[in-house]
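What follows is a pair of complexes built around subunit A, which joins subunit B in one and subunit C in the other.
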Partner chain A sequence: MLDALPYRLATIAVLVALFAIPLVVHDDYYLHLFIVSGIFAAAVVGLDLIVGYVGQLSLAHAAFFAMGAYTSALLFIRLHWSMWLGLPAAALLVGVVAIVLGSIILRTRGHRFIIITVVFAELMRLVATNWVDMTRGFMGLPGLVVPPLVLPGIGAIDLTSKSRFYYVVLVAAIVAFVICRVIVRSSIGRKFVLIRENEPLAESLGISAFRYSMIAFAVGAAIAGAAGSLYAHYVGFVSPDLFNFSYVTIMLIMVILGGKGTLVGPALGAVIFTFLPEFLREASHWRMITFAAILIAATLFMPKGIVFPLLTHLLPRERRLRNARAA
Partner chain B sequence: MSPTITILAQHLLNGVLIGCAYALIAMGLTMIFGVMNIANFAHGEFYMLGGFVAFYLVSLMRLDYFVALPLAVAVVVALAVVLQHSIFRRLREAPVMTTTLVTIGLSIFLENAALLLWGPQPQSIPTPFPPKPLSFLGVYTTPLYLFCMAVTAALIVVGHVLIRRTRMGKAMRATFQNKEASALVGIRIDRIYAYAFAFGAALAAAAGAVLGGFIPVEPASGGVITLKAFIVVILGGMGSFVGAIVGGLLLGLAEALGAGYLPNGWKDAIGFFAVILVLLLRPEGLFKRA
Partner chain C sequence: MPALLEGHRLAVRFGGVAALKGVDLAVDAGEVLSVIGPNGAGKTTLFNVITGRVRPAAGAVLFDGEPIHRLAPFRIALLGVVRTFQKTEVFGPLRLIDGVAAGALARNDPNPLARASEALSTVGLDRKAHLSAQQLSYGDQRLLEIAQALAAKPKVLLLDEPASGMNHHESKRIMKLIVELRARGLAMILVEHNMHVVMSISDRVIVINYGEKIAEGRPDHVRNDARVIEAYLGVPQAADARAR
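What follows is the complex of A and B.
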């Protein structure tokens, strides 16, 4: 979609704007919201692979995020690995866990798959809570820090300020987005969509639904693990609360309302649904009720989401038609 | 009896009640799943609401305990009818992802509505039973416990008879097996949907109202109960009533033994491990469908 010149220019403009945010926004509170948005954006584009492209509803994604956070935190506290080692380790470990889990559950589809993912997430929460010797249980693991970036020839750059850490998150989110985009634009991505739309047809063409679902599931999980690692070091503390069901709910809201199967939509959804709850802080009791109502209404009446359809309305008419045909 | 056996018997007795409750809740869940093809993530909320409404009626409206229990079930069933007409009716023939997302949304909605109405603190329903424990061969229990156990066991039997022996139950089972064929022989599918949903909600609400005197109910209880009921349904085989009953009892007993013999906090993990094992060894569940 973004091949023609105007769209390249628009992409560049968006990137410039994203990189300029800390130059314009000096308020730490808003920078904090942008950082959290970026971390969630990375996590939910990974979720979009499995939910939006392969069409399987995974409720384990927030657990993968939390496992990444715990992996990175434990490596830091027990072995003194900095985030630069902890983050790839978290992505790798969570990806491997997803492959093991996937080899059991990706042979099932539909209800059973969904239920097992939520059962798995709950089991991980129990492990984080009850394996006190390793995880300190409810007390959580405090004292995580953001490491400086050491560049040869330049020396160590301190990243602890919010305006600097924002760039770490931004780069990570862009990398996650690009990885997912390359996958969905490749022949692999077309097989994802075929599996979603007509699995028997895909199988009859020799496309293994199991194998391709596994790719989406494992890559998505690894990205969630990396995002969790960033989150752990940014917040400085992990606890079993990270496994709360509300995290997976909010991630799903970002994907569904953003527009599943579009990557851009969920990423924007992550920004909107990080800021929106903050503005609704006054009515915190009503917040979850409102969210739940929005989720129900959007699922029933706007299955394509809200953000992405609005976005495509900005496109010229002929392109919109082409996109509609492609979708 | 030797102390080891007495303790074992005590744990098993403790497991029977919760097992009966799991069975009741899972029967409704499996019914809704089988008839409507919906994995109802809001099912545990019917349990929670049953408990809260019973609590409200007994301790705030000063209603008699034995009047309040059926009344609480009636209130929850009324809510279920409203939900069925407003939301679940639209989910017929909808994709799995849609139905699941909607019921997840509904679960969050109901949990937070309960939070607004009743606050976060766990509440116990006051009961007219004397708190004095009864002892039999060294195994202790209370009159309330025996009452709860009798009611849940009786409800399981009633539910089973309704499904097995009545015309409506037969129509439900027929819809379960083949929707088109049932519609063809004159079964009103939309009505079956409504009845199945109300039936499931009633069983869950009854479990909540009865257990509320024993296990304090809080807005967050629904989520846990939903998970446990799903575990039972997968263990027993999705759509199997016998599986739901046997699976519920087994999970209840296993958890009670886990509470007795495993390190603190791990009893809840038993069901999750069991599900993964069953999925590996016998993916269709312990019992076949219908």
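What follows is the complex of A and C.
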């Protein structure tokens, strides 16, 4: 569906616009929001693999994000590893943790799966809070920095300004998106969808639901870990607050209201639901109530997410009719 | 020489209830074996054991002489033992072609969509390949289930009540399809309540009641077996009512 020429052009236009943002936006506050959006966009396209494609509601994703942040922070503080080493290490470690957790819980589905992911997230929060010797507990780990980018022949490029770190995040989000897109468009991704639509049937035809759920779960977790590492070094500080339930809530809002099972939807959702609460600051006392009202309205009127109505209005008419007939 | 698929002394217990008590069966390539018996006799449980959804408490399932009763369902399917379900199972919102491709994708077939369209034309749904499964009539969904199974390249196909709820015309279509698949050398095990279907296309019939095999043989032989008449068919009028 997204191979048609108009979509190629739209993709190029979006990419140009994304790269041009720091040239147009000079306000650090808005750049900050774009950076946070980008970090969350990376994390939630990973979450979309498991929630949107395989169809399992994981509430452990924010914990994976936080574990990535802690891994990278601890490697920096204890071993003086820069973010360039800490980020892949965080992705790897969190991916391995997801494989271990997944080998236990991916044999279950539905309520049991959801509950175990919550328990896991809570357990990790307790570890971060109580393993004071390692994590400094509630005091958190301060003093994280963004390392310069050393390129052979050019030298060290300082990335500490927001307009430069924006590009680090943008590249990371694009890499995460491309990884997920390659997976979902491959035969692996088609198996994800078959498992989502009817797991017992997919199994009876020779598809291992366990194996493919594991791929989605582990890749999604590794991406969340990498995103967490970026977040830690950007903010410069990690604390057990990262494990708060509000993070997983906002990530699921991004995925589901963005349009689960599309990758583009959750990425767009990350931008919208990072900016929206900030814009609502104008409403002061009414801020959270307004935000909640918008979420409820979106759930009621756009049950498939924001991106579907957008796509259907942009699609050429005959294609739209064909899709409507197939839906 | 052993048969393609054999069940030896298969026993299953659910809590205190014995669902199967030492059932034997064998089916070979190009053969249709029907399993009949009253509701709750253990027919679907037998399918669940053969396809790995239920582990037998005792006994063994051999495919090509190798035991398969400890394998996961998807591995058994990959070996070539594929089933359909009593309650229709399809990939609701997906296009037929994408859902039917599942079995070919599972086998890492280089061209799953081509396999899917072959399977769809075998059952006569090729012209509806781009509709979604939930747009089909019930009868077509039952055919779709067979197409899904065929794309998984079965050697043994287990059909769980393929003609249930079908009108006369639709069940004739299913019978024609089964006969055609048998001619291709497929081994089939059929669970079916429609006696007309069972008696016309089966090579052999086994009858189970309360988890035990009470008769086995050619359809006409089984039809006249006193124990079968007593346990399952009852008086002729009741048999007609059930067969409908």
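Assume the second predicted complex is superposed on the first by the 294 of 327 C-alpha atoms of A that agree within 3 Å, B and C clash if a C-alpha of one lies under 4 Å from a C-alpha of the other, contacts with A are read in each partner's own complex, and residues count from 1 in each chain.
Quick note on the criterion: a contact is a pair of C-beta atoms (placed from the backbone, for glycine too) under 8 Å apart; a residue touches a chain by one contact, two chains touch by 3 or more.
These numbers were taken from a predicted model, which means no experiment stands behind them.
Undergrad: Which partner does A:206 reach: the first (subunit B), the second (subunit C), both, or neither?
TA: After superposing on A, A:206 lies in contact with subunit C but is clear of subunit B.
Undergrad: After lining up the shared chain so the two structures overlap, which partner does A:190 touch, if you call subunit B first and subunit C second: first, second, both or neither?
TA: So A:190 only meets subunit C here.
Undergrad: Between subunit B (first) and subunit C (second), which does A:63 come into contact with in this model arrangement: first, second, both, or neither?
TA: Neither partner.
Undergrad: Who does A:268 touch here: subunit B (first), subunit C (second), both, or neither?
TA: The answer is neither, since A:268 touches no partner chain.
Undergrad: Is A:111 touching anything from subunit B or subunit C once the two structures are fitted on A? First, second, both or neither.
TA: Touch partner of A:111: subunit B, not subunit C.
Undergrad: Which holds for A:42: it touches subunit B only (first), subunit C only (second), both, or neither?
TA: neither
Undergrad: According to the contact criterion defined above, which of subunit B and subunit C contacts more residues of subunit A?
TA: Counting residues of subunit A touched by each partner, the higher count goes to B.
Undergrad: Report for A:122: first if it touches subunit B alone, second if subunit C alone, otherwise both or neither.
TA: A:122: touches subunit B, not subunit C.
Undergrad: Determine, under the contact definition given at the top, whether A:198 touches first (subunit B), second (subunit C), both, or neither.
TA: Touch partner of A:198: subunit C, not subunit B.
Undergrad: Any idea which subunit A residues touch subunit C in the complex?
TA: 187, 190-191, 193-194, 197-198, 200-209, 325-327
Undergrad: Across the complex, what residues on subunit A touch subunit B?
TA: Counting only subunit A, the residues touching subunit B are 51, 55, 57, 104-105, 107-108, 110-112, 114-116, 118-120, 122-123, 126-127, 129-130, 245-246, 249, 252, 256, 285-286, 288-289, 291-293, 295-296, 299-300, 303.
Undergrad: Across the complex, what residues on subunit C touch subunit A?
TA: 51, 72-74, 77-78, 82-83, 85, 89-95, 98-99, 101-103, 105-108, 112, 130-132, 148-149, 151-152
Undergrad: Can you check the complex and tell me which residues of subunit B touch subunit A?
TA: 33, 39, 87, 90, 96-98, 100-102, 104-109, 111-113, 115-116, 223, 227, 230-231, 233-234, 238, 263-266, 268-269, 272-273, 275-276, 279-280, 283
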